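Common to both upcoming complexes is subunit A, partnered first by subunit B, then by subunit C.
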Partner chain A sequence: MWQIIKNEWKFLLRNRALIGISLVFILILAASVYLGSLQSKNQTQQYESAKDHVRKQWESIDAMNPHSAAHYGTYVFKPSNLLSSLDDGVNSVTGNVLRVEGHVQNEMVHSEASQMQTVSKFGKLKGSLILQYILPLLLVFLAFHSVSSEKQSGRLKLLVLQGAQPSSIVWAKTISVWLYGIGLLTLTVLVYALFNPQNISAEVLSRTISFYLSYALFYFIVSGLTVFFSARWQNSTIALTSMLGIWILWSIFLPNIILTSVEKLHELPSRNAFQAAMKEDRSKGIDGHNPSDERAKGLKQQVLQEYGVDSLSQLPINFDGIRMQADEEYGNKVWDKHFGNVREVYARQKQSYQFAGIINPFISLQNASMGFTASDNLHHQEFLLQVENYRRSFIKQLNDKHAYGGSKTGDWGWKADNAFFKSVPDYEYQPASLASVFPYYLTDLLFLSGWTLLVSLLLILGTKKMRVI
Partner chain B sequence: MIHFQNASKSFNGTQAVQDLTLEVKEGEVFGLLGANGAGKSTSINMLLGFITPDSGSVQIKGLDTSQGAWDVGKLIGYIPENVNLYPYLSGLENLDYFCRLAGLKYSHDDLQGFLAECGLQNEALNKKVADYSKGMRQKVGIAIAYAKKAQVYLLDEPASGLDPLASNELSDMLKKLASEGAAILMASHDIFRVREVCHRIGILKHGQLVKELRSEQVSANELEMLYLEFMKD
Partner chain C sequence: MRELNIFVYEWKHFSRNPFKVVALLLFVLASVYGLHNGANLYNEQTSEIDKINQQATEGRQQYLAYYDEGKKGPDNRPWIDLSTPFWAVWYSEIYHFKTPSPALVYSVGQAEQYGFYKRVSFRASPYDADMTKEIANPERLQTGTLDFTFALLFLLPLLLLILLYNLKSAEAEQGFLQLIEVQVASKNTWLLSRIAFYVVLLFIVIIALLVYGAILTPVFSSAFTAFSQMLLYSVLYLFLWSTIFYFILRSGTSIMGNTLKMAGVWLLLSFIVPGTVHQWISLVKPVNLMTDFIDVKRDQRQELFQQPDSITKSQLNTLFPEIVDSPVANDDSKSNFAMNRSFAALENELTKKSIASIEADNNEKNGLVKSTFWFNPVVFFQNHFNSIAESHYDDYQDYRREIQKLIDTQVSTMVLDVWHDVKVDKEKYMEYSNKLSRLP
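Entry: the complex of A and B
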């Protein structure tokens, strides 16, 4: 088998057209990873600078009523993830700025896609675009006539008479084409490492290895299946047409069809319905700005009783802050309920979509690729959750200051000093570790492995009685 | 060495080879004449083990070829009408590659020697096969068989499309191989070449061996007349 692989590589290395195509390909891949890295660095710089600016603004609050500060709020920025130059995933459409304030959970704004000058179906030139769509096509073009050309030229007879088993020929051809894909994949990862040496850590390394493994499995599936068709059909054109059909089905039609079906199966509420339901539930809670609200009156009685006094003026604390926090906590419950539902729907959608990998390994590859580069919706939801937790802690500190900082009920003119605002911690995003999210991508890896096994079986069993003539 | 015993083969109801009984001994060249579709290639493919006879047996050196081409393949040198080698390799590299597939590792000098024995000019050894003529490719094809010390040579229309010089060189090579003890079966349309090279000649018609004779029994013209007579329906 080794001799055949060596010979196949001689063909690859001596074919000027292929060398030319490979060089162009390598340049495009290197450029896409380099540009991705540049963009990533640029985004990181912008992120640092915006974060710094907003923090300085916050720390420059001289003296202000804490609740006014809660309305003034702050901004949280989504940092660019380390491996986004390999696969940007959903990052370009999710936005990267979130306003954090009292009473309300805002949505992210300023997505990259919304600010692009031109709109393309495939988005920007990213490593993932080439690795997922173009490179498999190149593997198909390399493999479709690998065995059929041997048959058509009559060389297969010579090879078999020289002692080469048909199964060895088919495996050797598969491995040769696969190694070509692996070579380009390795190069992509090396270019990434070259441009981002500062990013290399155990976490990035383990994520990159998982990313690499997913692509390596997928390239084997594509190479093996194409070689199988090439061996199975007498005519290489039929092998090419079959494989191109599968590629179109896998990468264009099925993902769209399955995604639409999954969205129908696990439907998210419409934005209007969602907001109306939130508003309605919210209206059932305490209105922090309305002292005559019936539920606020109940809370007042409870607090008065707790402090053993008869009126708000006798309270040593500021009841307004307590009421605001109660309002906030009720709002949090409403948010937990509605966003919890949404997150559950997302989880069900993701699970169903992942299971489509049983008929389409491309879906498993896309999921794994985005997941391992931390750029999928799961990681985005994790970011949003962290921001919401920060918002809650941020607002609570302000409300607590309002309540227990020394002011009395109704004293809206009371102000906390600059030292207090400086003491409120800034938002620090803690990216999810691979170990914590890996189980979510096991399904994808299992399906990719299953497909690899299936293709291996096809190569072993399906070509056992391969026609030599 | 080569032995067909009542071998028959049909494809989709069409009889390609019918009750073929034929033997080729060591050192003998047997020419199989016949029109297109007469069953020459099917007979060779049965010898190669790529087609199993429906009935009868096909053996090479006592080995049943239908039991798998691998064992029998070691004994066989097969020269098709067009020897399609790897065009991006030189003649020398092609020979080396095919030898290595057979588990044979020869030195550069040995490989050169085989090619020279088979008549390939020295200056062509390191040229890409893409630049070779049909005759040159055929010489490499024969060298591949020669290097693995094939005892049986099966040639399917080897002289078709060769210029007279190349054709003569091929005839000389086949005579030489036979003189070294190889059994050679050559399927061809070329009556004159067959008459010149072969010891015995068989005429196949609709899969049946309708005539078998020794080449010294007939002149080339008589053979042609005989052949044409048999080809008439």
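Entry: the complex of A and C
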């Protein structure tokens, strides 16, 4: 079999058109990875500068009432992910700026896609665009006549007469084409490493290996299936058109249709309904800004009792801060319920979409690629959760300062000093580790492996009775 | 007559090729699915607008009831006084909508990237967080909705590829191309006639699909121009690909070579060129993190409140010369309060300045995209289809401008009436509701 693979490669290397195409392809791939890395670096610089700008503003607060500072708030910008130079995922549609303030969990705004007219339906020229859409097509063009041309030229019969097993020939052809894909995939990863040597860590390495593995499996599926068609059908044109049809179905048609259907199956609330439901639930809780609110009065009694005093003026603390924090904690329950529901719907949508990998391995590849490069919705939601947790601790620090910082109830003119504001920690994003999210992508890897097995079986069983002429 | 024979022959060739027939059916199915997606979005947005209008009317009724009951506002919010212009304008419950065009059935475009309703207040801005898109799965947004234009832009060339890939080259490979040459006057006319058959076939299919779309939403009654424009641009797009493929087929003699070239051009124009342009623009004009806008909304707003009253008064006088001799301006006991109420006008001016820079930045990006249209036809057509369906960036930009005009009206109404010490009663509140919801 290795001899056949060697011969195949010799034959491929003699093909000037293929060498030309490969060179152009390598150039585009290298350029895409380079431009992707450059963009990530630019974005990181921009992110750092915006982050510093906002932090400086916070640290330069000379003196301010802590609750006014909660309304002043801060902003969190979505950091660029290093691996997003390989796959941009959902980054261009999710927004980049999140306001962190008291009383409310905000949503991310100002997405890149909303800042200009439509440019590219399939995203930027990143490694993933080429590796997902174009390279498989190239493999199809390499493989579709690999066996049928041997039949037509009579070489297949000759090989069988010389003792080669038809299945070995088919496997050798598959592996030859697959190795071509693997070569370009390896090159992509190497170029990526070349442009980002300082950022290579165990985490990046394990994510890149998983990314690599997913593509390697997919390329085997495409190569194997095309060679199978080439072996089964006398006419290579039918093999080509069948694989083109499959490629269109897998890459263009089904992902779009399935995702749209999945969104209809697990419906998300409209923004208006979502906001109205939160407003309704929120109105049932304590209103931090309204001392005459009945629930605030109840809390007042509880605190007075706790401190063993009769009136707010006798309290050694500022009850306004406690009321604000109670308002916040009630609000948090409301946000958890409603934002939690949305997250659950997203999770169900993702799960259903992942299961579509049974009929379309491209979907599994897309999910795995985005997931391993940390640019899918799961990682985005993880980022939003981290920011919300930060918001809660940020506001609590301000409310605690308001309550226990030395002021008395009703003293809205009291101000915390600059040292306090400087002591409030800035938001630091902790990227999710692969180990913590890997189970989510097992379904995708499982389906890719299942398809690999299925194609292998097709190659073994389906070519046993292959006609050699 | 000879051309007619070629058409008849081609029809037989097409109808006996199940692969081509299935490809056409799949295209029709995808287009119908896309049209339904567009119609669903149109219906969803229309129904959401109706719901919000209903909620706004109910809200206004609630506030009108306070006037009837002689109350200043809700009991649990004693600081609200609906007899003052400040609170009456604040609670005028004005919404502005980006009403979907019935032509949305054809092209969803960027309709899912932006909000289509906005509660307008004198503290609002067209770049507020509530101007963001509807809640949607980001992965679906990234993949995009399969709408009719998706089928047209990306699947139509593929369908054409499947229908045309073996034209002439099949005869050449089977060795009877020379035989055909002696039978027809010109080989090129023969090829052109065969291609023309498929162009006519697809033209009929496109018309049928456009008419089907027009049945799903009131295109004929409300957006007939959009229908004719869609038809025109769809046909132009069909001609573009037919011409490209004609030249490929004319010059090539092998099925594989022709298919490879056709698929290559499709990949180039649909993926590589738009993807490269997108990447290039991201590098030249990176995503705007809106720090200028943030500064206005936060620090510069704080500074406004901290500036001396004399500066605030002078800024207000410049903006509204009518208040210089107003009754409140001459009453020291009321003028400070009126000044506090009028900060929204100064904030609005600051916001407008920062928005101008955001929009200039976005316009530069759009200029860059437009400058590539001559070698980026798919994106050119995509944006044209979006414009026809009123789902283009520019349509949402117009919507933002309308919102800004309504904000300006609210600001000036509120400020002028505060300084003229206007007392708001039920009639005045209703007058506000009417006046503030109309675009100047």
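FYI, the second predicted complex is superposed on the first by the 466 of 469 C-alpha atoms of A that agree within 3 Å, B and C clash if a C-alpha of one lies under 4 Å from a C-alpha of the other, contacts with A are read in each partner's own complex, and residues count from 1 in each chain.
Keep in mind that, in the parts below, a residue touches a chain if its C-beta (ideal position, glycine included) is under 8 Å from a C-beta of that chain, and two chains touch if they have at least 3 such contacts.
This structure is a prediction, so every number in the text was calculated from the model and none was measured.
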(message) Once the two complexes are aligned on chain A, which partner has more residues of subunit A within touching range, subunit B or subunit C?
(response) C
(request) Please indicate which partner A:I257 is in contact with in the superposed arrangement: first for subunit B, second for subunit C, both, or neither. (result) second
(message) Taking the superposition on A as described, I'd like to know which of subunit B and subunit C A:G163 touches: first, second, both or neither.
(response) first
(request) With the two complexes superposed on chain A, say which partner A:L454 touches: subunit B (first), subunit C (second), both, or neither. (result) neither
(message) Just checking: does A:T241 make contact with subunit B only, subunit C only, both, or neither of them? Give me first, second, both or neither.
(response) second
(request) In the overlay, answer first, second, both or neither for which of subunit B and subunit C A:L179 touches. (result) neither
(message) Between subunit B and subunit C, whom does A:F11 touch in the aligned arrangement: first, second, both, or neither?
(response) first
(message) I'd like to know which partner A:Q57 touches here: subunit B for first, subunit C for second, both or neither.
(response) second
(request) Mind working out whether A:S270 is in touch with subunit B, subunit C, both or neither, as first, second, both or neither? (result) second
(message) Show me the subunit A residues, by the header's touch rule, that subunit B contacts in one structure and subunit C contacts in the other.
(response) none
(request) Name, in rising order, each residue of subunit C that touches subunit A in their complex. (result) 19, 22-23, 26, 30, 33, 37, 44, 48, 51-52, 55, 76-78, 109-110, 113-115, 117, 127, 129-146, 150, 153-155, 158, 161-162, 165-166, 255-256, 259-260, 263, 267, 270-272, 274-283, 286-291, 294-295, 298-299, 302, 361-362, 365-366, 369, 379, 382-383, 386, 392-394
(request) Enumerate the contact residues on subunit A facing subunit B in the complex. (result) 3-4, 7, 10-11, 14-15, 153-155, 157-165, 468-469
(message) Under the stated contact criterion, what part of subunit B meets subunit A in this complex?
(response) 45, 48, 50-51, 69-70, 73-74, 76, 78, 80, 82, 84-86, 88-89, 93, 97-103, 141, 144, 148
(request) Please give the residue numbers of subunit A that touch subunit C in the complex, ascending. (result) 28, 32, 35-36, 38-39, 42-43, 46-47, 50, 53-54, 57, 72-73, 75, 77, 89-90, 92-97, 99, 106-126, 129, 133-134, 137, 141, 144-145, 236-238, 240-241, 244-245, 248, 252-253, 255-257, 259-260, 262-263, 268-272, 274, 276, 287, 290, 292-293, 342, 346, 349-350, 353, 370, 376-377, 380
